[in-house]
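As written, the chain order gives the labels A, B, C and D, with residue 1 at the start of each chain.
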Amino acid sequence: MPFETLLGAWVATGLTLFIFTFLYQDNPLFKLAEHLYVGVSVGYTIVKVYDTVIVRLLYEPMVNQGDWSLLVPLGIGMLMLARYFPKIAWLSRIAFAFIVGVGSGLAIPRIISSYILKQVEDTVRPLASLASGGGPTFTYNLLDPASNLNALVLLIGVVSVLFYFFFSIEHTGPVRVAARTGILFLMIAFGAAFGYTVMARMSLLIGRFTDLIEFADPRYGRATLWLLLATVATLIASGARRRDHLPGGG
Amino acid sequence: MTFAERMLHIDRRIIFLVIGVCTLLPLLYPVGLAIKVSPEVRGVHDYIESLPEGSVFLLSMDFDPASKPELQPQAVALLRHAFKKNLRVIGMTLWVTGTGLADLVVSQAAQEMGKVNGKDYVFLGWSPGVGSLIITMGQDLYKAFPSDYNNQPTRELAVLKGIQTLRDVNYVVSLAAGTAGIESWYVYGKDKYKFELGGGCTGVIAPGLYPLLRSGQINGLIGGLRGAAEYETLIGQKGRAVAGMDAQSATHVAIIMLVILCNVFYLLIRTSRGQSGQPRG
Amino acid sequence: MIFLRRQLPLLITFVAGVVFAAQYYVPHPTSELMLTEVTKWLQIISGFALVLGVTSLFQIHAVKIRRKEPGWAYSLILYSGILGTIAAGFSYSFTAGQWVNGKETINGIVTAFGWIYSDMMVPLQGTMFAILAFFIASAAYRSFRARSREAALLLIAAIIVMMGRVPLGEMLLPVSGDVTQWILNVLNAAVRRAILIGISLGAVALSLKIIFGMERAYLGGGKD
Amino acid sequence: MVTAGCRMLRPLAVLVCLCLFPLTAPEAGAQQALAPPQNLRVIDTPSDSGEGLTVLWARAGYDAPEVRYQILLGDGAEKKMVAEFPADSHYVRDARWPWWTRVDRPDAHQFNLKSGKGLELKNGTPYAVAVAVVKGAERVEAAPVQAVPAPNWVNWNQMNNLLLVLLFGAVVFGSIRAAKRREIFLRRIPGLDAVDEAIGRATELGKPILYLTGAGDMSEPSTIAAAVILGRVAKRVAAYETDLLVPHRDPIVMAVCQEITKQSYLEAGKPDVFREDSNFFITTDQFSYTAAVDGIMLRRKPAANFFMGSYFAEALLLTETGASTGAIQIAGTDSDHQLPFFVTTCDYTLIGEELYAASAYLSREPIQLGTLRGQDFGKAFILVVLALGTLLATVGVLFATDLPMIVLDLFKDLK
């Protein structure tokens, strides 16, 4: 096995275990992994931003293709750095103004389209459908999301939750009934979403564990086992030191 | 503090331990609980099953290490199936960051099934440009990949004999963790070069791919770890995914038990105090 | 001067906002071209914004190291993480025979930068994410208590869905799979839809106020 | 000017058509001999970015699944078939065009040709298009018609979207104007009383307060609401001289929040206790940020944690760690997918729109209050549309008529 693969296995295993120690308590190993993680991720972002933004989006199109229109974003980007010079700090507002202005403009029609019109369109469904014979019927198969009964339940759900979000009227009388129904819908949905997510999270844990099991193999020099021993030893040692320190005020 | 109260304020590290054990044990000693096979996974399986010996099967592993837990078991199961059927296997990836991983997966599966590189299978590696790469492969495979991952000239490989373009490939399966994957293979490849296409994907992007399945643009879809477990069940080789599903079952049931227990303790306290709890904000 | 400081930013916001809202209704290729161009610009500008952040980070940890505050050694580790990764990102790969320039692999050969990515970033990220599996269990234990009717509904829905998702659960409670589907497709969809409609109205209202200069929080500071 | 007039008249004409010819059922079992498709028209596809043509022809008596139409592109010998489909498909009413842009009666046939997938149409070049009908061995063709594809400047299909924007904008600005003149009632939001309580407790304990503004950038409403609420919290904190920690993921948000915090300390009359580094940047990466914030929670043990703004999977990592340190936790987010975790692990959660409402409630500014009022009107309007729309759609099915579409089309998301 190539040396870098072996080293990679040991480093990956070690860092995995260090982060897991967080479940026990805060300790030097977790702090080490945490600070290393922040450092590596910042370094990674810097390199990637340099490579994509400075080189690929700015330098190459300007120098190779003569696309000098890119001087505009370059200038706006520079304005942002004016913050460091109190006298011209206000210039950075121009950059914020541009970013936020474009963002707001882009948002308005797109939000109306996909979050209002689309949602309304999907909620407005006929509460009757055509039977195969030709006459209208009411379908009530709960398992078919498109059945009329489900359309009705969906409509009640959307309407009652919307009532919960009325702020400028007092929740009394019928509004209160609707809003309370809305809360019940909210709770069921939150519970369901919680239960649904468990699987995705467990998949990640299974992924980490299968890696650890793989690296416990003799081919990798039993990295997991040795590093697990070392981690536990360090935890015990740091726990003991912490106890010694506690009487002195922690 | 009564027993019930103490149990309600149990050290959460005990819960962590329960979850850890419930995950680890099934992974080490899988039980292989029965798994209902869905028609979309069966679609991929049955198509490979129907291919005659020596047919060409292209597996594009379009994911990076971050999606390894879900997609690697799918890749392993598909490769085992294809090798067992004595298909000619072509491996590749559209994701540069997944190249090393994909190579490892293919060579390990081949080694296990006693297959020879260059004769029974080939790993082409990665090449830039997603759409344009697929189009080039559709016109001339050897132009897209003049040499394979191990720098062997592809034209001389026995496994690729008689294969000129994607049109000569019988079945393509893309295992995708994002948009460069199933969608690209459909838009740039299947539409034009008329090979059959199947897919596998992470649980997160699966809902977005069901429309492709319904319209017949892909003939099957393996979704997430569960899909991989179903596939392992179909080929009768229970591996990582089945073990993973056992772990899923164990942890889910463990959490349900914990919740039921905590409610029992809670009700005990409430009845002993004879007062109602406070509503939550 | 007052104009430049106060009115100009508002004017820029107004013009940019109106132009890019209108862009949506214009199918002409020119408008599409304008959109792609400006999206690229925004990407470039956000690259510069990173300088602001990184300076702040460097400053905080530099202070810690200079004053030898408790845990300053960790700040050193953080620094070496940043510098090491940058160095790897711009190093020369002898096996591939060219400069790395932020590429994880060159012609299939994994670079030092790629090694940092797949053997440090990915496991760290994956493990942080995997900790969620433990936390989701402890959160369930701590807070899924039938304190009220609402809380009881929440916990029953969660239990049914958890059962319906795994083979063992479906074995123990065969209807759970179907009920799960129904809850997710109908009840959950209804709630998400209503929440989305509500927050979308809020988002549109805010965007309108920003464009017309009524909301200036994004410029920082109060009313000057 | 003439075209504009036509545009105005067209919807009217379509409306009349709709009323005069409600969904006529095709004559069952009509066994008619094949005839060339009638009234073949080819036009530039309206409201598109160019490179597209629309082919229209009349419904025929022989329309049935076993009869097929073919679309042919080109002239003379160069003719190329670009599409083939059953004759009982591709009607105008299936085309997802609203009634105000329909170019023919709903029961005519319509087929859109667009560049891509092996077909290339260039703007400004004339193309001849013909339609053939095939039944078994029989095949007849209509004479080709020429048309020129061109890009358009307005997408008329999306005018309902624009109309809603204008309408809603008018309502919001109207409400703001009204709010400036008189007080507006706002219902109590339970989570907000907890804000003061939490700050008070932190002061008593002499512990800091942790405030997160989420993962969003400055153009997201949740981030802006979070920044506004930060201003209120900072003012209280300044008055009590409690420590405030605001770790950031977005450099621009950090810069803005620094300004806002400074202003709050000024307004509270405590500029001397303001610290520039109470707002600080960690990293843009999701989980390394989370690891660092979790570390801060464990080491500084804040008495109160505020989670405002938008969040992703890191939400539970933050709130569970916060809960383990015994802090009061108050969340407010519009990230619907994370709401279940906030609701279960925090003491108080502002759900979705409540976050925006909270910033209005705290600030008591007429602009904010008026906006909230405007949003309520918007919701009321949508409620009416949902109720009325369902009724109309049901009527449409019961009486087999297309008439309700006149209203329903207005609330469709059209491209």
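By definition in this document, a residue touches a chain if its C-beta (ideal position, glycine included) is under 8 Å from a C-beta of that chain, and two chains touch if they have at least 3 such contacts.
Since this is a predicted model, take the numbers as computed values, not measurements.
Trainee: Chains in contact with chain B and with chain D: which ones?
Mentor: Expected: A, C.
Trainee: Can you check which chain pair, C-D or A-B, has more C-beta pairs in contact?
Mentor: Between A-B and C-D, contacts are more numerous in C-D.
Trainee: Centre-to-centre on C-alpha atoms, which chain is most distant from chain D?
Mentor: In terms of C-alpha centroids, the chain at the greatest distance from chain D is B.
Trainee: How many angstrom between the C-alpha centroids of chain D and chain A?
Mentor: The computed centroid separation for chain A versus chain D comes out at 20 Å.
Trainee: Using mean CA coordinates as chain centres, what's the gap between chain B and chain C in Å?
Mentor: 25
Trainee: By residue number and range, which residues of chain C touch two or more other chains?
Mentor: Expected reply: 21, 24-25, 46, 49-52, 54, 57, 71, 103, 110, 117-118, 122, 124-126, 128-129, 131-134, 136, 138, 140, 142, 144, 150-151, 154-155, 158-159, 162, 165-166, 192, 195-199, 201, 203-204, 206-208, 218-220.
Trainee: Which chain A residues touch at least two other chains?
Mentor: In chain A, the residues touching two or more other chains are 19, 22-23, 31, 33-34, 37-38, 40-42, 44-45, 80, 83, 96, 99-100, 103-104, 107-109, 112-113, 116, 120, 123, 155, 158-159, 162, 165, 186, 189-191, 193-194, 197-199, 202, 204-205, 207-208, 211.
Trainee: Show the residues in chain B shared as contacts by 2 or more other chains, in ascending order.
Mentor: 12, 16, 19, 23, 248, 251-252, 255
Trainee: With touch defined as at the start, can you tell me which chain B residues reach chain A in the complex?
Mentor: That would be residues 13, 16, 19, 23-24, 27-28, 68-70, 203-204, 224-225, 240, 244, 247-248, 251-252, 255 of chain B.
Trainee: Applying the document's contact rule, which stretches of chain D touch chain A when the two form their complex?
Mentor: 158, 160-162, 164-165, 184-187, 189, 217-219, 252, 255-256, 282-285, 287-289, 291-292, 294-295, 298-299, 337, 339-341, 343-344, 351-354, 357, 372-373, 375-376, 379-380, 382-383, 385-387, 389-390, 393-394, 396-398, 400, 408, 411-413
Trainee: In their shared complex, at which residues does chain D touch chain C?
Mentor: 47-50, 151-155, 158-159, 161-162, 165, 168-169, 172-173, 176, 217-222, 224, 227-228, 231, 248, 250-252, 254-260, 262-263, 267, 277, 280-285, 287-288, 290-291, 299, 313, 316-317, 319-321, 323, 334, 336, 339, 341, 343-345, 351-353, 356, 367, 371, 374-375, 378-379, 382
Trainee: Considering only the defined contacts, which chain A positions touch chain D in the complex?
Mentor: Listed in rising order, the residues are 19, 22, 26, 30-31, 33-34, 37-38, 40-42, 44-45, 80, 83, 92, 96, 99-100, 103-104, 107-109, 112-114, 116-118, 120-121, 123-130, 136, 151, 155, 158-159, 162-163, 165-171, 186, 189-191, 193-194, 197.
Trainee: Along chain C, where are the residues that touch chain B in the complex?
Mentor: 103-105, 108, 110, 114, 117-118, 122, 125-126, 133-134, 136-138, 140-142, 144-148, 150-151, 155, 158-159, 162-163, 165-172
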